[in-house]
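Have a look at the structure below before the remarks.
Letters A, B, C, D, E and F mark the chains in the order given here, with residues in each chain numbered from 1 onward.
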Amino acid sequence: MHGPSMVDITGKPVSYREAAARGRIRLRAETIKRIREGKIEKGDPIYAARIAGIMAAKSTSSIIPLCHPIPLTNVEVDVRVSGPDTVEVESTVKTRAQTGVEMEALVATAIALLTIWDMTKQYEKDEEGQYPFTAIEDIIVVRKVKAGQR
Amino acid sequence: MHGPSMVDITGKPVSYREAAARGRIRLRAETIKRIREGKIEKGDPIYAARIAGIMAAKSTSSIIPLCHPIPLTNVEVDVRVSGPDTVEVESTVKTRAQTGVEMEALVATAIALLTIWDMTKQYEKDEEGQYPFTAIEDIIVVRKVKAGQR
Amino acid sequence: MHGPSMVDITGKPVSYREAAARGRIRLRAETIKRIREGKIEKGDPIYAARIAGIMAAKSTSSIIPLCHPIPLTNVEVDVRVSGPDTVEVESTVKTRAQTGVEMEALVATAIALLTIWDMTKQYEKDEEGQYPFTAIEDIIVVRKVKAGQR
Amino acid sequence: MHGPSMVDITGKPVSYREAAARGRIRLRAETIKRIREGKIEKGDPIYAARIAGIMAAKSTSSIIPLCHPIPLTNVEVDVRVSGPDTVEVESTVKTRAQTGVEMEALVATAIALLTIWDMTKQYEKDEEGQYPFTAIEDIIVVRKVKAGQR
Amino acid sequence: MHGPSMVDITGKPVSYREAAARGRIRLRAETIKRIREGKIEKGDPIYAARIAGIMAAKSTSSIIPLCHPIPLTNVEVDVRVSGPDTVEVESTVKTRAQTGVEMEALVATAIALLTIWDMTKQYEKDEEGQYPFTAIEDIIVVRKVKAGQR
Amino acid sequence: MHGPSMVDITGKPVSYREAAARGRIRLRAETIKRIREGKIEKGDPIYAARIAGIMAAKSTSSIIPLCHPIPLTNVEVDVRVSGPDTVEVESTVKTRAQTGVEMEALVATAIALLTIWDMTKQYEKDEEGQYPFTAIEDIIVVRKVKAGQR
C-alpha cells in the first residue's frame, strides 16, 4: 500500500464546484420540544450549529489529513427540526477550484450535528450520565456539481 | 432562549473521566476488498483515520463552540473493517478534569470516519461523480465513566 | 531590550482567577434598528458575536504571542444594544491557574466587537464602500480577581 | 432574522483589494517612556505587535465566523509611539480576490493593540492588579480600495 | 532594521512553483531495526511522519510568521530508512502561485523528522532519560523550480 | 505494528518537567554580517525567530500527531549569532505535567531555525534561486529534567 499521499491536482483545470451533504441527529422528543420552545439553557442549538458548521468547512484542510486547502466562495449550513425526534443538517459548499468540495460539505454537516449534541447534552443524558437515545445518522453526499471550466 | 454560554465548571471537582464513542461508514464491497488487500492509492485509510481522529480529539475545543479546553491524558481510535461493506471506528478518551470528554470521543470518531471517506472516495464515486452507496451511520456514545474525585 | 520572553509562572501557586473586559462599537442608528428588528441579512449579530468571542478566548494563547495556554473553566460574552448607535460587549473569563486571564477577556471582547462589524458591514458602508461612522471604542479591563490559592 | 450565512461571492469578479485600519492604545506615560528606552522586560512590544498583527490577519477566516478564506498578498502592520501616552497601529492588507479585506486589516490592528497590552501589562497594573489607565480606542477603517478587475 | 514585514507579492505573476527539501534523523541502530521489523509500540513512524509532514506543509503560513498563505496543489513527503542508523525525509510541494514554496517543503521535512523522533523516543532515551544519540541533521532545499507563468 | 496510539499518561504523577533543545543554521557570511548590522529587509530575524519558536512550542500537540496537550508554564527561545556563518537556537520549556516536554523544546528550536531561513532567504539564494549554502544542522535535546513529584 502506498502513501499516504495527496492527489496531485496541479494540472487540473479550475472549475465551478459545488457539493451538498446531509445528515441528522436523533434526540429525545422532549429535547426537540425544548428546541422549538427556545428552552435550551446553553443557547439556541440551531444557530450555534450553523456557525460551527461554517467555521469547520473553512478548516477542512487542517482536519482531514490529505484534503487540499481551497478558498471557498460560499458555505451554507441549513439546520432544522425535521421530525418529532430529529434535527436535520444540510450543508452546501461552493468554490472555483481544481478539486471538489464534498469533504468540506461533509465536515460542515458532521460538526453541525456534533454541535447540536453538545448544546443539548444535559437533556439527553439519563440519570447515570449515559446517552441511550442520542445518535447521529446517515451522513451522505446529496449532490456534487462540476461545471464551467476556465 | 439564553446564550450561547459555556457551562461554568469552575466549582466542579477534578475527577477521572473516560468516554467512548462509536460509529461506522458504509462503503462499496470492492472498496472494502481494496482496504483489506492494501490497494488504496492514497494510502492505508485505517492508519490515516486513526491519526486524524486522535488529532481531532485534541482540537475539540476549537471546533465545537462551547466545549472547554481539556488536557487529555489518552486518546485511542480503533478503526477496523467490521463487515463486507463496513468500517467501524471506536474512540476512547481519558482525562482527569472538571467535565466529561464525550464530545472529544465523538469528534475523534466523526473525523476518523470522514477520513476513511476522503481516503477511499475515488472508488466510491459513480461515473457521474456522485456517491450512491457511501454513508456514515450511527455515531453514538457507548460509555461514559466518572470516578476517583480528587 | 530583552526578549521576547514569556513570564515564567512555573513557581506560582494555582489560584482562582477571574477577569472581565468591556468595549463597544458605534454603528449607524439604522443598523441598530435593524439589529433590534431582526433584519440583519447575514444573521443575528448578537448571537454570532457571543460565539466568536467565546471561541477566541479559548485560542488566546495561539493569537497573543507570549500568553500562556490556560484551561479556562468559563467564558461568558454578553453582547447587547446599549444605546441608539452602540452595541456593548462585556466578557468574563474564569479559571484556576497560575496566571491571570485578562488577556483572554480582552481577546473575547475585541473579537466579539469585530464580529458585530463583520455581520453588519453591508449597512455601515457608504456608497463609496468606506466606513465613515463605524468605530470600536474603549476596550478596557473592568475587573480582575485573584483568590483562593491552592 | 436569517442566518447566520456567509455572503455568496461565487459570481463576483476577482479585483485588486486593499484596506487599511487604524487604532490606538492609551498607556501610562512611564510605560511609553520604557518603550522608547527599550526597557520592557518581556521584549520590544512594537516588534511583537507587528508580528502578532500579521499572523492574525492571515487567520481572520478562522477567527471571524463568516469571513471568507482569502490568499493575502501583503500585510503591513505599522506600530509606533504616537504621543506621550499613546501607541498607534495602522494595518494595510492587499490581495486580488472576490471580496474585500477590511476585516483582515481590522483583525491585524486589534490583535497588534492587544499584544501591546500583553507586553506592557506589568507596568500598567496598579497595586491591586487593576488597569485604571489602559484602554484601546478608536479602531476604524481608514481606507478601502477596489480596482483592476480581471 | 526594518520590519518585520511580509514581501509584497501583489504585483507578481502567478507561476508554476515547486520546491523539494530533504533532511535526516540519526537514531540508534536498534531503533532502526525495530522500524524495519514493525516493532515500534506507538505505531509505524514512517506513515505517521508522512501525514504529519503533509499537514504541516498546509499550515506553514500559520507557523512561520511572514509566509504568505498559498493554496498548495500537491505535497509529497517521502520517508525511508536510508542507512543503519538513519531515516531520511524528502518533501516536495507544488502550486501555482505568486511566490515560492520552499518554506512549505522545509516545514514538511522538519515536522516529519520531529514526528519520527516522537514516535521512537522510548527507544532512544538512555536510562537517565537523556538522548545521547538522536539528532536531526542537514535539512536543506534540494531543488526550487519556477516555470510556466500565466 | 500497532497504532498509531498515544502513550496513556492517565496514571502518571504530575512532576516538574524541563527540557532544552538546541540546533543551528548555517548561512552565508554576508548574511550573518547583515544580521549583525541590522540590515535584513524583512526585519530582525533573531526577534522573529524567538516569537515563532515560542508560539510553535505552544502548538506542539496540534503539529506532532501523538503529543499530549500540556499547559506550559514557560518557554524560552534563545537565538544568537554563534559563528561567522552560524545562528544557534536553544529552547527551554518548563511545566508541571504527567509527561515530558522535549518535543515542545524540539519544535520551538526547529521552527525558530526555519524562521531564520525565511527571514534571510533573499540573501541566501543564488542567481538561479537555489540554496547552495543554507542548512539546518544538529538539532538535539541537550537536557531533560524531571523532579518534584506531587
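The rule we apply is simple: a contact is a pair of C-beta atoms (placed from the backbone, for glycine too) under 8 Å apart; a residue touches a chain by one contact, two chains touch by 3 or more.
This one's a predicted model, so the numbers in the text were calculated from it and none came from an experiment.
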item: Shortest walk length in steps over touching chains, chain C through to chain E; value: 2
item: Path length in the contact graph (chain D to chain F, fewest steps); value: 1
item: Which of B-C and A-B has more C-beta pairs touching across its chains; value: A-B
item: Chain whose mean Cα position lies farthest from chain A; value: F
item: Cα superposition angle of chain B on its copy chain F, in degrees to the nearest 5; value: 120
item: Contact-pair overlap exceeding half with C-F, pair selected from A-B, D-F or B-F; value: B-F
item: Inter-centroid spacing, chain F versus chain E (mean Cα positions, whole Å); value: 14
item: Averaged-CA centre spacing for the pair chain E and chain D, given as whole angstrom; value: 31
item: Between chain F and chain A, distance of the C-alpha-averaged centres to the nearest whole Å; value: 36
item: Junction residues of chain B, two or more chains touched; value: 3-7, 43-44, 47-48, 50-52, 55, 59, 65-66, 69, 71
item: Listing of all chain pairs that touch each other, if any do; value: A-B, A-C, A-D, A-E, B-C, B-E, B-F, C-D, C-F, D-E, D-F, E-F
item: For the chain B and chain E complex, residues of the former touching the latter; value: 43-44, 47-48, 50-52, 55
item: Of all residues in chain F, those that touch chain B in their complex; value: 3-10, 61-62, 65-66, 68-71, 97-98
item: Complex interface listing, chain E residues touching chain F; value: 1-7, 23, 38-44, 47-48, 51-52, 55-56, 59, 63-67, 100, 102-103, 106-107, 110-111, 114-115, 117-119, 121-122, 125, 129-131, 134-141, 143-144, 146
item: Residues of chain D that touch chain E when the two form their complex; value: 16, 47, 50-51, 54-55, 58-59, 69, 71-76, 94-96
